[in-house]
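Below are two complexes that have subunit A in common, paired first with subunit B and then with subunit C.
Let's turn to the complex of A and B:
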């Protein structure tokens, strides 16, 4: 540990202004800040600060994603890891280039976006498309709005929409058949794997996948979404440590169940089947709960979640799309500023009455 | 009383025990000429003069000539330390009544008339303990109030605790409450007591016969003892014209001492705490006691930050340069951050004390408090709307929203967000994972709004004057025309 610290201290002048690698300062700073806690002291009251920082905040999401990632490798092969690496590399390159251009620090937001993005793609998608989508998501979905904390939409979803509109065929073809048995495809790269229809697409033509298969994830679908069990484990973790807001999740899943029950006249099998299939759970726990693109007030999060839940159910059942979570969350993102305005105004008015 | 929301007790190591240590006569007194509310600009003594204990050394001409009183006799030295008055070669004997014994005349007997009592409180330096509950500034000695809020809930780490202040002095405290009742000519006295206070039952028994005195139990969570929160929770805030005073435990005791025994308010019971203090205790000191002499042999480590007051609202002082100011309630000493830790953000955090639930220490609550230092604990980042500042805010405003409006220069929006309700407790800055200086933002916002209002008032006044001038000129013209006609 001492060794690394000395090395960092020794090489620092090279990256400062006038140094040989001054242009690479953002990379040096990011590595330095990632490895070691900063030496910054408080300059005013309060004189001590809570140990939680944005890096830890974002890292908890990575921990929560781990079960989904492991399940994905099991069902769809080591290719998944390559997709994650490519996503990080492409998104990271955009982030670094912009940081160098703007002479700003590299933000931790990429930790989450770079990991979430490949998990919402078809497992058989060509890697160059993963790279393109990740770069587009970071550039257009986040950086053009001013960087982490200022984006209106979920950057990973922006990347996915871009791919879905630009390469509709590839995006609807890369559904690899999941591996079977104890090992699954965990030891293979799975390039030549057979593709098949997703459960939601198959259901349109009348073939309903078995519930246990949906629960454990033994079906095809986007990389991280197929195993409801893995999503629930990671999601529960996020709710327990309070990083994801439970109100958004409860409102989204609650309204989805109610609307689906209405459509299928209360058939419990259909309700549970829809709850477990597609990206609903993954979207509810990992995408809709993104605090930046959600409304601020807790009360507004109920409405926000409800908009997404209802929209998902309606898109799935009454439009040409078989899956509705992605568009529903983006729709929720559009509503978020309006909800903020309404609920913040109401909150402030209540403060006035209190005196 | 309405339920209070938000708030948080941080797990900071070094909580002072209720043991009270008497400090010896210091080598000199270093009296600050300025404190939070006062500026003792009118110096009444000369260089080299020999003064006795109880002499008024200086007064604040802007605030009812509030006095700065010598606790010990000594020789005056001006200009030795910037903005301080020094007393050297001190007398050994303290002024009478410094021990604050519990043997005094009942209220009314010694205090004489209302005006006399007020004069005495001002001249003995006890009046400044009474503040306006809304502005937190000292009140005018001529003013009166319908209600007095007495807060014994001092939860900021670390200021003197009510348990230490009231040990063996509950009778004096109740007499002080009676004085306050008389000073306000029959006003209601609201006493806020923390739900974990050891003296609550005994106090309830002592005031049971006083119908004008009401006891309110407050959850022991910072900053629930703040008079403004209690004022709002009691519903007294709705009528802005109704004057309400606020006073804390030490103030009630000082008023009692001044009126019952005529002793000047120069003694202070302060807390000495924080992770860098070897034995955190309470100390009996006097105003002007040199801080370096207080800290001698009481610290562990050299690179420390000494804070006058608690860690949320206190300000750092340089120990060799200053003495206790009249408003000081405690000294908190922290280690300065000195080293970097590898991958600390990814550690489980068994011994970390955090507002959120992302550290493993959450699984075993009640663990040892954390030896926090002056680390900012992260890098400055843009707000990620995590909502922790909104959650923790005791007055229900939205610090992150106000921060964004403030930095977009939308002052009207900031005002609409009710930043005026802020009590500057500092919890929003403390919990922010992006390390945004939200407390400074709130203060800046309030200052900007105040300035804007003043400018607007000036403009209106100017417009009114011009309008009057115009009307006068018009009338003069009309009169002239009439005259010519």
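Let's turn to the complex of A and C:
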């Protein structure tokens, strides 16, 4: 570490204005900030000091995703790692190019987006599509709105919806059969593996996967979503740390259960089955709770979660799509700023009347 | 691009039939105040017909034809048209030229006419045509008015051509219906032939235009 520190300090002038590599300054800054705490000091109030900065925030989410990633490697093979690498590389390239073009700093946002994105794709998707989706998500979903913290939509979901509309055939074909046994596919690369219908697609034709399989993740589906157990472990961690807001999760899953109960006239098996299948849990814990694209007010988070939960249940059961979480969360994202506006106004009015 | 801009172009020094603003008019319509990329007019048709390059170009031709004809007649009649009914008069003139173009299309290019569907007829309500008649032809002489119609039609056609080229190439791998990108290695991006693809393509085109002209920087200085 000492060596890297001296190296970074020695080469600093090269990257400052007028230096030989001034154009590469964003990359230098990113390396500096990632490895060490940056030197920048605030010069004006407020001098907020909080150990939980964006970088640590993102690192915590990465830790929470780890169980899902491990489960994914177990069920779908080492190809998952290749997808993650490609996603980071493509998204990172876009980010670096734009940072150099706009002469701004590289943000830590990609750390999470680049990891979440491959986890919501079919495990057999061609790698170039992963790259294209990641680049599109970062460029259109995030950078065009002003970068990390300003995006209206979840960038990973923008990337996925882009792929789903652009290459519908590939996006509905890459469902690799999950590995069985203790080792699963953890030691193979699995590109020529047999593909099969996802539980939700099979359910439309009357075949319902067994509940234990859904719980442990021994079914096909998007890379990181199949194991409800892994999602719950990571999700519980996020809730305890306080990064994911429990209100969003509770509202989303609660309304989903209520609507599903209404559709299946209260059949408990169907409710639990729907709760565990598809990307519902993954979306609830990791996508809908994204602090940037969800509303800020706690009261607004209830409505936001409810919109997503209801929309998911309705899309799943009454449209041609078998899974609705992606569209539902994007729909919720659209409402987030409006909800904030409404609840802030109401809150201010209440305060005025009281005092 | 107000009509009283006193810009005298070098070709005729202000004595010709274009009142000395021919070059300026052309430049305004095609580039400076391009109807689609700057004024964001005529978006409905620009999004609807641009999934094929051929359709885009025919639509562009239609707008040039209607624009030139309308501006000529609105300008010729500008001194005898009562101010209160000028809008109705303009619409009547526009509709005449649209119907002429539509009939030609139906008579000689039936397939194309079927593909464009209602969008040729909808030129009657196209803001570009109406806008140019109102803003330019009503207060300018016939020749320069025709030039203005031509310039704005061209501006529209160029933008549609670019979007149509991009969307057909990326969306189907073909140009003018001929496969350009090999079907064995190219996977068509189906989003580009859907309406959202048109929005995305147009958005990037406008962003590119703004980057070239530096419009955003100028606005930033003002605020």
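Here is the rule we go by: the second predicted complex is superposed on the first by the 345 of 355 C-alpha atoms of A that agree within 3 Å, B and C clash if a C-alpha of one lies under 4 Å from a C-alpha of the other, contacts with A are read in each partner's own complex, and residues count from 1 in each chain.
We adopt the following convention: a residue touches a chain if its C-beta (ideal position, glycine included) is under 8 Å from a C-beta of that chain, and two chains touch if they have at least 3 such contacts.
From a predicted model like this one, the values you see are computed outputs, not experimental measurements.
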item: Which superposed partner A:55 touches (first subunit B, second subunit C, both, neither); value: first
item: Subunit B versus subunit C as contact partner of A:344, first or second or both or neither; value: first
item: Partner chain in contact with A:140 - subunit B first, subunit C second, else both or neither; value: second
item: Partner chain in contact with A:265 - subunit B first, subunit C second, else both or neither; value: neither
item: Broader residue contact with subunit A after superposition on the shared chain, subunit B or subunit C; value: B
item: First, second, both or neither for A:352, with subunit B first and subunit C second; value: first
item: First, second, both or neither for A:105, with subunit B first and subunit C second; value: first
item: First, second, both or neither for A:205, with subunit B first and subunit C second; value: neither
item: Contacting residues of subunit A [partner subunit C, same complex]; value: 140, 162, 165-168, 170
item: Interfacial residue positions of subunit C with respect to subunit A in the complex; value: 187, 189-192, 194, 196, 200
item: In the complex with subunit B, residue positions of subunit A that touch it; value: 1, 4-5, 33-42, 44-57, 59-60, 105, 107-109, 146-150, 240-243, 245, 291-292, 294, 296-298, 344, 347-348, 351-352, 354-355
item: Of all residues in subunit B, those that touch subunit A in their complex; value: 10, 12, 232, 235, 237-238, 305, 307, 311-316, 332, 334, 336-337, 340-346, 349, 352-359, 362, 370, 372-379, 381-387, 390, 396-398, 400-401, 416-418, 421, 426-427, 429-435, 437, 439-440
